[in-house]
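By written order: A, B, C and D. Residues from 1 in each chain.
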Amino acid sequence: MIQALNSALDVMMARDPDVLTFGEDVGYFGGVFRVTEGLQQRYGATRCFDAPISEAGLVAAAIGMGAYGLRPVVEIQFADYIYPAFDQIVSEAARLRYRSAGEFTSPITIRTPYGGGIYGGQTHSQSPEALFAHVAGLKVVIPSTPHDAKGLLIAAIEEDDPVIFLEPKRIYNGPFDGHHDRPIEPWSRHPAGETPEGYYRIPLGQAAIVRSGSAVTVLAYGTMVHVALAAALESGIDAEILDLRTIWPVDIEAIVASVKKTGRCVIVHEATRTSGFGAELAALVQEHCFYHLEAPIARVTGWDTPYPHVFEWEYFPGPARVGAALRRVLEG
Amino acid sequence: MIQALNSALDVMMARDPDVLTFGEDVGYFGGVFRVTEGLQQRYGATRCFDAPISEAGLVAAAIGMGAYGLRPVVEIQFADYIYPAFDQIVSEAARLRYRSAGEFTSPITIRTPYGGGIYGGQTHSQSPEALFAHVAGLKVVIPSTPHDAKGLLIAAIEEDDPVIFLEPKRIYNGPFDGHHDRPIEPWSRHPAGETPEGYYRIPLGQAAIVRSGSAVTVLAYGTMVHVALAAALESGIDAEILDLRTIWPVDIEAIVASVKKTGRCVIVHEATRTSGFGAELAALVQEHCFYHLEAPIARVTGWDTPYPHVFEWEYFPGPARVGAALRRVLEG
Amino acid sequence: MRFATDPFGRKSNLPAAHRRNSKPLSLRVPAPKFRPGDTPDFSGLNLSAPGAAARPEIDAPAASMRALAFDLIRVLDANGQAVGPWDPRLDVETLKRGLKAMQLTRAYDDRMFRAQRQGKTSFYMKCTGEEAVAVAQTLALHADDMTFPTYRQQGILITRDYPLVDMMNQIYSNAKDPMLGRQLPVMYATREYGFFSISGNLATQFSQAVGWAMASAYKGDDRICAAWIGDGSTAEGDFHHALNFASVYRAPVLLNIVNNQWAISSFAGLSAGDGETFAARAIGYGLPALRVDGNDFLAVYAATHWAAERARANLGATVIELFTYRAEGHSTSDDPSKYRPKDEAQAWPLGDPIARLAQHLMALGTWSPADQAALEKACEVQVRTAQKQAEANGVLGSGQRPSPASMFEGVYKEQPWHILRQRQESGV
Amino acid sequence: MRFATDPFGRKSNLPAAHRRNSKPLSLRVPAPKFRPGDTPDFSGLNLSAPGAAARPEIDAPAASMRALAFDLIRVLDANGQAVGPWDPRLDVETLKRGLKAMQLTRAYDDRMFRAQRQGKTSFYMKCTGEEAVAVAQTLALHADDMTFPTYRQQGILITRDYPLVDMMNQIYSNAKDPMLGRQLPVMYATREYGFFSISGNLATQFSQAVGWAMASAYKGDDRICAAWIGDGSTAEGDFHHALNFASVYRAPVLLNIVNNQWAISSFAGLSAGDGETFAARAIGYGLPALRVDGNDFLAVYAATHWAAERARANLGATVIELFTYRAEGHSTSDDPSKYRPKDEAQAWPLGDPIARLAQHLMALGTWSPADQAALEKACEVQVRTAQKQAEANGVLGSGQRPSPASMFEGVYKEQPWHILRQRQESGV
């Protein structure tokens, strides 16, 4: 997925001189996860450069650049460190178009690795997507494969509105289905691990059905898509799995169509449960599909605690927990 | 409600020399809403003082004071300005006890006026409660009457964990039921407008049934409690209205008991809908009461736009909209 | 290696020779010199004499001009004469243009303040006493240089001839409000006039401006950018980010600190630190700092022009502290008599920017009290005329306002499904 | 009053006399002097001579000592002699205590780094080359003064005799981990030893420390407080808030900037601004600043002691820049040869703090190479012994760890219903 993201940036920087990228350690070094590797060499230090350790400052700079007419892509080194920039994102980038009646806009993309599963402890593991989904004016995108990552990042950069682009770092180097005790699989063996060369886009706002089924609908995104697939496979339950890809605005039609078909719904995310994005999904599903629902909608999520270092796998909502929820909802 | 909050601070400062309060304009001037009026005179400038315009700085100072052993109460002038302090609240205050295994804690209270209805435009009207409800380690409290405001603020100050104390500014000076075209009512004419002298506490985590009913449960807090009451009265619907008072941890037993009784549920808040706290409430209600529900849970909320100055009353979820939802849910 | 015990019985690892009884600490909470009831007395104020501050070349290294962060650049002397190296030697036409823009700004403020009191709008903020800041600075910039203002730089729009009627339409949130009724009064925005959307959240524009300037430099453009921030707002992190980014990337931006000595009820001592100037903040970032009498039109013009030339020459950012005084309340919601002496504004030794520029023109022999009276009258008429036009489009509460459906537009470029449904649900 | 047209055909309101063609702007992106493959050469570095910096009285006004923000306080000369007014004249016992603590810190780092490479833990961070910072500063404080460290001040714990075994238990997240397995390695916290919980979020502790110091002053306590921040982290807003609050409330706090010249792969020029020192940041806040050779144990001790005395005397905060060099990678996840010359650490002209203090003791005639070798050996043995004990409690992945149910505790003082239910749901 790293190469796919790198390729998306490469493609867009080649196509559009108004695209530039910066962030902590992204210039000469190419980013702590190497997503911007080679870009400074290829496009020069004024198009791919290091920023001071100032998340608020670099997002603010991006907003100013966006107001000028550029399309900056900034990296926040870990999603856990996005909070210093929260005011600039929420009060400024998100509202600029609306508050200025279109005089100024924020065509900026904020990329950041998120999620756990790497023994990163509580400040290298967080999943803050719900905080951004609550903010009118932001779009929130989360890919689950290299193929999607590239197409979605290109679409995000082309967006005229600010996009929070969350990259599930646990699957940077290969799909991960939650079986941490099994050998690591590389993307090269995964069908969506292959990335077409050059430019292509995956429109924002469209979910993908990654597995068809009729017994229950699973709503997932990021790493959890792979976990859900494993859970379906292992439980033998005929689950239909939707990869939301864009968290907000979400693909409501795809969700409603699937849940109306299956009558049951399990929502999976890694973030803490309370007021997580799963709550919104549950609310939407019951609003739109109430009369089709045959069991309570279940949420499988991270627990409402900080991400605890040594309890990584007790915390991570792995296939066993998803499988149990599938069974519960089917019994429901 | 202003006097009630002032009295809570007064009572606690008199009882406990470790309680002190500061914030922008709270010292000599007594706060832009006068909540801290007279406290500097009474307790001296080192116990009630002005802070620089630095929400992050003042929350950080409070965290440091809390680590020392004090119980600081800080004011954020408007909830709309809490975002610069987001990192200090979310990454620091909320997690300090957990991450240090109890070596250090954050017994701090962050008071802030929130909500609309005062023609404040988009930066004096926001309702950010959901953002804090998502963060493990925080408690979130919202009073709806002077009586509760005082008892809850005292309980919040006595809490050993950080509390976000959101004050519905539209009802600072009197209950407001959403009928902006009617004369303003003062608290003196409201039964819960009276505040006992001296010390009393309302425990966090307990909802209040402000109106019993059997047809439908309304979950509300802050200003919306009064709106919901008006809607019930005007629609003639036998609604049971719960004032949550503590948003998180929420009084799940009270909610479940009521919804199991009525079989229907309407959730009302002023914040933008998507990923708002109403989503969590809807998710919880359907998780706990699925088999008792006779209609989809309805959410009546602010729209997913910034709070628009001239469209105050189109935006505000007033009694007409709540009434319509009540009817819809009863038909459902 | 065990801890020793100190005189308080606590373990201590400080060698005995250095251990000391310490007196109990105490917390210092600073306060302004004068409160209601006090007689304001600014005689102790350390002001440089007019003409005294040195004027370095624009390419002088920042480290060579640190003294300017503590001096005060002044050009107009007590007799209205322009003195010293910072005299910008402006032609009379420009001086008169400046005077007129300041006067118009004041007239506009007065009318809009009154309109709020008449219930025609919800809120208003004046810049009385600070008109030279926005007006002289705008005149010293190119018309297409970008500005990132606070709510107290309405003078930029007025100097750039943005229509008064449109400003008023915004104040009234009426049918022709360029902000479509979405914004609190005074939150103007106009791309055409190079005026960035004012934010209700203090300080955020300061670091954004640096990004804009970086973009201009990145594109090989020749437009520079100026940003403003209040003394109180410098306490926000964004201030620090702005100075750091401006320094690191040598951004062509003017970072203006409007020190009007008050932030609502809080005095500047809460953000300036221990008796230091705001300009001194620049030193730690290796940026040049100019500290200027903000009520001296010529000094403000000259400093701004110097900094603009420096930015245009690719030499980077300058921090300018404009030392002035907020002569009126913070906003229509404020009552300053609650926290400062009523007559403090009158006692302010650096006077009023309009009176001082008029005095200068008179000293030059090209202006008279009658001219000044005529100008005041003309500005008032111009404002009244505009006001009539604007009120024909409605005032707050009149019902003449943008279509409520527009409230659901512009959250995103295209309206997503959920907002569309919410509009339908709203019935508008 | 219409816009004129400037030479670019754009409207302009700048008077003709001042309008100018401007060359296109360009964006400056700074870079370190040396990259992999280059030969590092620090000969251009402007270092004050040992003994040269002046030593003011602790109650001297900050404005009188601005020069110290640009000088470098050094005590040890090239021959290991202590020279100049900053010589703290420490007794030999204290010097040896410092040497031992530094050596133990280095030995501890080496073992824990190796343990990570052996898969016994997930992560580790060394402070190699920077040991004098934490050790000398801790010795110059009282044992019950509070500290707000970053992840590179493990030397504080070691100097205060916090048990090595407990530190290792934390690194291993084992059954006896004082942090209950909840935290990434190196995120220690201990109230008893006055060591605040290290945060993964950079810079946050800096302004919290000021709050702690304000509390101490408010209570009339006599404990002061010290905080540390890295050069890179000074770019965060919290740095600015810390200096501002410390200045405004005259908080008894030492604000230490550890300038080890690197922030992961980013050089200090990204946070220092245009060639300025970090100490210079203090000037704008009216705070005294000391810039110190961070590898000179005596200089660090003396500067810290000076600042501590100032704080204890209720004279407020001091900013100390400790100029040092991060001799190893940022953490076990880092490979510095990717972004800087491999031998840059060796080329660093201010040497190694342990070697320099040992040299000083030898110059005093109370230490020998054999003593030094014995100390190294003793520290290694001490660390190995502790390691064995700690590993008996488990290492990461060994299964010996706190009870999983404990993961649901301590989010709040009392476990609320939802966390209780989640624990039940989890089955632990």
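By our rule, a contact is a pair of C-beta atoms (placed from the backbone, for glycine too) under 8 Å apart; a residue touches a chain by one contact, two chains touch by 3 or more.
These numbers come from a predicted model, not from an experiment.
On a Cα centroid basis, the chain most remote from chain A in this structure is C.
When C-beta pairs in contact are tallied for every pair of chains, the largest tally goes to C-D.
The distance from the centre of chain C to the centre of chain D, with each centre set as the mean of the Cα atoms, comes to 37 Å.
If you average the Cα atoms of chain A and of chain C, the two centres end up 40 Å apart. Of all residues in chain D, those touching 2 or more other chains are 26-27, 29, 182-183, 187, 199-201, 214, 216, 218, 235-238, 240-241, 244, 248, 270-271, 411, 418, listed in ascending order.
Each of the following residues of chain B touches two or more other chains: 46, 51-52, 54, 56-57, 80, 83-84, 87, 91, 98-99, 122-123, 136-137, 274, 304-306. Across the interface of their complex, chain A is touched by residues 80, 83-84, 86-87, 90-91, 95, 98-99, 122-123, 130-131, 133-137, 248, 271-272, 274-280, 282-283, 286-287, 290, 293, 295-299, 304-306, 332 of chain B. For chain C in complex with chain A, the residues that touch the partner chain are 146, 148, 178-180, 182-183, 187, 189-191, 196-197, 199-201, 204, 207-216, 218-219, 237-238, 240-242, 244-245, 248, 410-413, 416-418. Chain D contributes residues 26-27, 29, 31, 35, 122-123, 173, 177, 181-185, 187, 199-203, 232-233, 235-237, 263-266, 270-271, 333, 338-339, 396, 401-402, 404, 407-408, 411, 418-419, 422-423, 426, 428 to its touches with chain A in the complex. Put simply, chain A touches chain D in their complex at residues 24-25, 27-29, 32, 45-46, 49-57, 80-81, 83-84, 119-124, 273-274, 303-306, 308-311, 314-315. By the touch rule above, chain A contacts chain C in their complex via residues 20, 46-47, 51-52, 54, 56-58, 60-70, 72, 84, 87-88, 91-92, 96-105, 136-137, 139, 160-161, 205, 249, 252.
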